[in-house]
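Below are two complexes that have chain A in common, paired first with chain B and then with chain C.
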Partner chain A sequence: MSTVFIAFQANEDTRPIIEAIMADNPHAEVEDQPAMVKVSAPDKLTINKATVEEVIGREFDLQEMHINLITLSGHVDEDDEYFTLSWNS
Partner chain B sequence: MQIDLKTVNIEPKRKAFDHLVSRFGDKAASRYQEGSYDIQATENLHYRPTWAPEQELYDPNISRIVMADWHAFKDPRQYYYNTYVLARARQQEAAEAAFTLVETRALHQTIEAELGQTILDLLVPLRHAAWSANQNNVLISGYGFGTPFTQPCLYQGMDCLAVAQYLSRIGMLLGGTEALSVGKQQWMDGEAWQPLRRLAEDTLVVRDPFELFVAQNIVIDGLLYPAVFDTVIDGRFALNGAAPISMLAQFITDWSAEARKWADSVVRVAASESAANAAVIAEWFSEWSGRAMAALLPPIERAIGSDADAVLGQTLDDLKARLAKAGVTL
Partner chain C sequence: MDMPVKKPKLGIKERYAFLTRDLGWEPTYQPKDKIYPYTRYEGIKIHDWDKWEDPFRLTMDAYWKYQAEKERKFYAIIDAHAQNNGHLNITDARYLTALKLFLQAISPGEYAAHKGFARIGREFEGVGTQVACQMQSLDEIRHAQTQIHAISNYNKYYNGFHAFAQQRDRIWYTSVPRSFFDDAMSGGPFEFITAIGFAFEYVLTNLLFVPFMSGAAYNGDMATVTFGFSAQSDEARHMTLGLECIKFMLEQDPDNLPIVQKWLDKWFWRGLRILTLVGAMMDYMLPKRVMSWKEAWQIYGVENGGALFRDLARYGVRVPKGWDIANESADHVSHQLMLGLYQWSFGTSFHAWIPSDEDMDWLSAKYPDTFDRYYRPRWDHIRKLAEAGTPYQNVGLAQLCNVCQLPAVFTEPGDPTRHSHRQTEHEGEIYHFCSDGCRDIFLDEPEKYVQSWLPMPQLFNAPNFGDVGKWMEWVGLVPGQDNGDYQGSQDQADFEAWKHQASAT
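For the complex of A and B:
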């Protein structure tokens, strides 16, 4: 089993994204590092636009997360509604 | 010699203020939480207000709604000063761009004179109704209890002023400054506007902040904006050649759709607290919605004719569905 991960700068903008990831991916693990948050999960990790919007209470464009994105690992599959990392695709 | 560089992660001793930890768990708090929860003054209010000695300065008992915790509310938009101002600044820029486009291309002159007059007659007097909505929301903010409840009301009050200003600008664009004085005259003396004016003035003397919230933000706004802007302006007049007005009113439609979500969430929290609360809200709703329906009918009827009844009826059904979803049985 291989692991995918995504790392964000730790700030006010990314906290709701992390919260949404954890709500949608119960198998994911959060690792707090200095000024950075890394979320890793076995095989697959999905960020859903709708969940982030629910947390922040406004419309959210998934592209907004790139402002705070540090790095990621895994194959990216994305459209307007979701952003998925996996090794299987 | 070899030097190893490694990072050391230092756990902060506290992730958030104690009162936020006890509410939301031991994790970093959002700015919205820091700026909203448990900052209502509750103790050491030594003196009662001289103008109302029967109440405390900040008194949860002014309202018939009883909450064990007035901090149970949450603004779904999570507005505190910073996010609110940023969001509105963005909308303001978009609205300015729309006004510039319409003005520079003279798009408003493509509207037929008769339809333009109908729009003026319908929209311009409404700026006075928006002003009373401003006053009401500021009163809720002043006399309500608990920042998560009162804070968004102050923003809502500001937004009502914005609505009034956009309506004034639409009026001036279509009819010059004279349109504003004619609008005021209609509001003061026009027969069609008197029921709405009376309703607005009656809400100005309601002292129960939650009743005022239901009357203004749920009932009046919940009927007026969907009926006038979503249905009449965007739905009908736009198809008849007045699409530029839809562009100019975009802040109003966007804002009212957004504010509805917040208003619904307030009702949902209060109604789920107790059956008594839900019953009180239902009582207020039936009292104010009857009056608001009767007050809104004449001006809308003047704008679109006999169809107004059906339009308002549909709007009322939608509003009732919103309340049912929020847990209020009517």
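For the complex of A and C:
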């Protein structure tokens, strides 16, 4: 098993993204570090546009997260509706 | 992030296809190998450039929109930092050593990466690759500029920041990252993207930026957190580009595997050596520490790098040579380098200091197997010398490694009491190395590394001719002001006086 992760700046833009990740990926773990927040999960992690939109109450373009992204690990698969990180092993 | 989101008329994949692939055309005036003459000589075989996928599918129009937003955020905070005496919010002025080292060693590397990606964006013949390299080239010059702007606020008040561009070319420790980037830029386009895009960005960048920015946040440096995060927001894209490039090469032809593996071995080792500077910064230069170098190596090296190489094993790739040595050395290298920086601190553009009892207790706790046994006794001895009024200065010149250009301060794998030194003879000249890793890199391309610009021989060349005072002037150092022990420095006195003034009103 390998871990994928994604880290964001800790701010009001990313709080709902983290909330959406946790709702859709119950196996994920959140870690708060100075000024940043890191979410890790075994093998796979998905961010769904619909879930983020539900949390923030407006339309959301997944590419908006580029502004607050710090780092990630795993293969990226990006579409209009979802953003997935995974390892194939 | 209050940007209006319009319903996209096209899906992200279609938009990406139109705005990248559709911009490429079949040339008719000239054959492709004349237009792109550099994509073959390294031996990498590419059969179908259209198989290149950029998983982020960021198009140029969206790129400008998001980058503009990042710039607005960045400059709003930098203005506030400058207007509100942000420089007095840092924990104490020792912290500035980390920042000086960053500006002298890393920011010029960003600029070098900008030039490198601009070049390979022209040299690669796939449109997806060209667009991704163009974006990264723009990112890298943005990083260099924002870092210089952010740190220029500190230059108004403190010593050692003023001559970073000159020092990039002339001072000894900056030749470590400089030679790294020069080495990459003098390779072909595939080696360059493997070196910078993959080995540096994917495998190692987390070790540079993430702990550095957390450290800056923890030590009250709003300016650095801001440029760091602004730069880091581009890094996920860079890392993904690097990984994509490796997969692309490996999928295109099985003959590419041995070439790629050789580059991974080389650039992992070169990157690891550079990061020794980061290790010293994390363990010694932050008044308030976030995590140790060893802990960061465990998370981002062992765990994350391990996951990556397990994944790439399906292509036949193995972990880079030197991986086990890297794991073992994580217990030692930061201490070994910091002891070096302290004893040569009369020739640096930053201050060094002897760790306090509290610092050393933290180091003991973080390095239970090594610190008390190998390094605390040396610091204790150095402290005794300082207390006796005879502070230890190593006025001999450091033996530099001909490849990584760090002073050869490291020890043998398996025996931290024995100094590691390798040498080899090539066409009648003797060359010195810090390790097997660096020696092997030399042996593979001796014609390249015999040309290394080494800062120590430069001291004896024109215009300095061995005169240390002249050398100080040549590298832009004011002795005793820009360098030496932090205790008793002008930076220390000024910071304490201003801080007192700020709180007394």
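What we mean here is this: the second predicted complex is superposed on the first by the 88 of 89 C-alpha atoms of A that agree within 3 Å, B and C clash if a C-alpha of one lies under 4 Å from a C-alpha of the other, contacts with A are read in each partner's own complex, and residues count from 1 in each chain.
In the analysis below, contacts are C-beta pairs under 8 Å (C-beta built on N, C-alpha and C of every residue); 3 or more make two chains touch, one makes a residue touch a chain.
If you're wondering where the values come from, they're calculated on a predicted model, not measured in any experiment.
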Touching partner for A:Ile67 - first (chain B), second (chain C), both, neither: second
Chain B versus chain C as contact partner of A:Arg58, first or second or both or neither: both
Which of chain B and chain C A:Pro34 touches, first, second, both or neither: both
Comparison of chain B and chain C by chain A residues contacted: C
Those residues of chain A which chain B touches in one complex and chain C touches in the other: 33-34, 58
Chain B residues within the chain A interface of the complex: 7-10, 28, 30-31, 75-78, 87
Complex interface listing, chain C residues touching chain A: 1, 3, 5, 7-8, 11-13, 55-58, 62, 66, 69-70, 73, 205-206, 209-210, 213-215, 217-218, 225, 229, 232-233, 235-237, 239-240, 243, 290, 303-304, 306-308, 310-311, 313-314
In the complex with chain B, residue positions of chain A that touch it: 12, 15-16, 32-34, 56-58
Chain A - residues contacting chain C, complex: 2-7, 9, 13, 33-36, 58-61, 63-64, 66-80, 87-89
